[in-house]
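Below are structures written as structure tokens.
In what comes next, chain A is part of two complexes: it sits with chain B in the first one and with chain C in the second one.
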Partner chain A sequence: MTDDIRQLIKEFGRLPVDVDTLATDADLYQAGMSSHASVNLMLAIEDHFDVEFPDRMLTRGVFESIDAIAAALTELGVQVPA
Partner chain B sequence: MAGFRAATPDQAAFLAELVDAGKLIATRVPGIYGRSGAFEDVATAVAALVTAAAAPETPERMAFPPVLPRHDLESVGYLKSFPHLAGSIFGFDGGEADAAEQYERASRHHPWDEHQAMTDLVLTPAACYPVYPAIAARGPLPAGGITVDAGSAYVFRHEPSGDPARMQMFHQREIVRIGEPEVVASWRDTWRDRAVELLGSLQLAVSLDLATDPFFGRSGRMLAASQREQALKFEVVVDIAGPEPTAVASFNYHQDHFASVYGIELADGSEAHTACLGFGLERITLALFRTHGLDASAWPAAVRERLW
Partner chain C sequence: MSVMADGDRAFLDSIIEVADEVAGPHADSVDRDARFPAEALDALRAERALSATIPAELGGGGISFSAVARGCFELGRRCGSTAMVFAMHHIQVATIARHAAGSQWLESYLASVAADQRLVASVTTELGTGGDMGRSIAALQPGEDGVTASFEKQAPVISYGAQADDLFVTLRRSPDAEQNDQVIAVAQRGQFALEQTGTWDPLGMRGTCSPGFVVRAQIAPEQTLATPFPQIMAESMVPITHILWSHLWLGIATDAFDRARAFVRAAAKGSSDGAPPPVAIRLSHLLAELSLLRAEVASGLAEFVEASEEPSRERLLTMTSTLRFNNLKIAASEQAPRVCQGAMGVCGIMGFKNDSPYSVGRHLRDTMSASLMIANERIHQTNASLLLIAKDV
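Moving on, here comes the complex of A and B:
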């Protein structure tokens, strides 16, 4: 799952740094992700994993790191491939 | 009518009172009003108070018409954040037969949009929008950045409502600060506090609230949450017509949003940050009428002295 998330961050996060070098707990906002980019990322993640984030998850914190996004997806029942 | 927001009983009663007293002049469309001389006298005096409060900063003055190049609205992402509020200008695009058909339909008040095409203009949604491309075009900012007094321009929000305080076209008295991030952030905070004092001196029962913009849809909920978490927007609110207090001034820290769109650079070549503040002249005027009565000559002496 984290590889897919990392790929989506590359495509939609518009980060000024190399996404491959980011730790899974690295703060994406600190790394330069704008609020508008985080919305694009949110929509891309919904599309890719075929989920819809409930309103309570539409916050800055949920999209703050690869780990945070993975935790939210897990909570929504997205299965981690074995 | 798309998106019409009906007035609460209190709002409807206040609007009727304003129209009956000749303060506002009703038109066929909710949220579009003429203003009487008495109304304009107050709004003009409020604008002058803001001008005086900004004077020590010696801002550069700019004034723009209430239309914006469509390209600028597209560039700043307005149609993503606020597609429901935008007003786009269309113009006739056809031949003589099309014109005749259009006229015939229009005469019957039937839809006549078939031979209309987008122009390169939209209605200005915020008075500061024309300032950013104008500043960017000059190249890197001088040391210390710049403060621009964008005057009091008419702005448009497509949100028809029966609440007299929710006009579709109204004046924003805006000032813009562009510079180093910490300079811009502290400027926003200083003005936020100054505005509470300024409006308080008019004996309005104002308070300061953390606020969010009316972003559209689910993406908008996330943008609003993000804006709130970062405390990017504050509003001064006051009771005008119930049930909720109404925002009469806002203080907005955009971080690098506008600077990155237009490439506004600091003297050292790094990216600038921007902030703006806007006083809603009609809303402040309405708050004064609601608080002190419709006859301005009978307002408390201290309020009159402050204004005139």
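Moving on, here comes the complex of A and C:
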């Protein structure tokens, strides 16, 4: 799952740094993700994993790092492929 | 409305007295001369109103946020500039108070605000980013000695900068931080120098005395808020700003309405047949407009107070909440001048003249600043983005 998330961050996060070298717990906002880019990333994640984040999960913290996004997806029942 | 606590009631009575006895009588000269409402601020200090939002354990008033918002409304009815100074000060102080826990420096700072009734100004707007609160150019520069930090910020607008004791400043966290990696620093008098870069001769809110300055300061590294900046914004600063501003705009609009009502009453007394004069119908239309503004302002406050009582205040961090309080600002900033203009329509030339008891020119001019204090178009752009993903709005 983290590989897919990383790929989506590459496409939609518009980060000024190399996404491949980001630790899974690195703060994406501190790495330069704008609020607008974060919304695009959320949309792309919903689309890719075919989920809808409920409003209570639409906070900055939930999209703060690759780990945080993975945890949110797991909470929504997205299965980690074996 | 719920029953007020005794402390809140006494606070509000003292604010109403300052509004009626001091701020109101000086409002015209403050506006005409674009001068600081010094008499009203002295009176507010004498009532210890500048520490209302500070907890009692730190020597503050421990007044509820609702009562402080109501205080902004009452001051707004008598002098928009006084109300704006009072509101901005409390935006800074209440924000610090909500995020001071665990910081000895911030707690003792709040105690000094209470003890000395220090006035705190805001330095968020910056040359190059304008009203975009989420980005800064100026950075906090750590000193080589490890015990000081410094910054220089080009600020095109600082209200009561020349009168303030302390400054509440948004900055980049460090010289190599991205523009959206920010901190809030507090600089105290003696730690900063202000170089005025412009004049202040605006259309309205003239008593806020808000020219541009270059701010140069040297502070200690612990003079910053430790809570992550985006969390401070979402949980405190943005909702508090929009609620206190909208309360004072409602106050100004309410006085404009009251003047229109007084005008219609005077006209009715002069008519012989007892039927309401035709202009009374316009007053009724105006009341409908004022009611919309009142409802929006009241529900915004109630939702914030409710969400703040939850232990984690998590609800305030959601996009739905951001949309909610952004909309409060947009709606109130557009509705308040609409009510003032309607009042002028009712009063006619008597509302247009500056020296008539029914004058609403100052009200109209003051409320016209509302839509540009953090430009509404900017807020709409944020909302437009959030609306792509938020669901139950």
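Rule of thumb we're sticking to: the second predicted complex is superposed on the first by the 82 of 82 C-alpha atoms of A that agree within 3 Å, B and C clash if a C-alpha of one lies under 4 Å from a C-alpha of the other, contacts with A are read in each partner's own complex, and residues count from 1 in each chain.
Everything that follows uses one rule, which is that a contact is a pair of C-beta atoms (placed from the backbone, for glycine too) under 8 Å apart; a residue touches a chain by one contact, two chains touch by 3 or more.
Remember, it's a predicted structure, so these values are computed and weren't measured experimentally.
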Quiz item: Sharing chain A, do chain B and chain C clash or fit in the superposition?
Solution: clash
Quiz item: Does the superposition put A:Q30 against chain B (first), chain C (second), both, or neither?
Solution: second
Quiz prompt | Most chain A residues touched (candidates chain B, chain C) | solution = C
Exercise. Would you check which partner chain A:L43 touches, where first means chain B only, second means chain C only, and both and neither mean what they say?
Key: both
Quiz item: So, A:P16: does it touch chain B (first), chain C (second), both, or neither?
Solution: second
Quiz item: After fitting the two complexes on their shared chain A, where does chain B collide with chain C, if the options are 92-100, 110-118 or 290-298?
Solution: 290-298
Practice problem: Jot down the residues of chain A that show up as touching in both complexes, chain B in one and chain C in the other. | Solution: 34-36, 39, 42-43, 53, 55, 58-61
Self-check item: chain C - residues contacting chain A, complex
Solution: 134, 177-178, 180-181, 230-231, 234, 314-315, 317-320, 382, 385-386, 388-393
Practice problem: Spell out the residues on chain A that touch chain B in their complex, using ranges where they run on. | Solution: 34-36, 38-39, 42-43, 53, 55, 58-61, 63
Self-check item: Footprint of chain C on chain A - complex, ascending
Solution: 16, 29-32, 34-36, 39, 42-43, 46, 52-56, 58-61
Quiz item: In their complex, what parts of chain B are in touch with chain A?
Solution: 77, 80-81, 218-219, 221-223, 225-227, 229-230, 256-257, 260
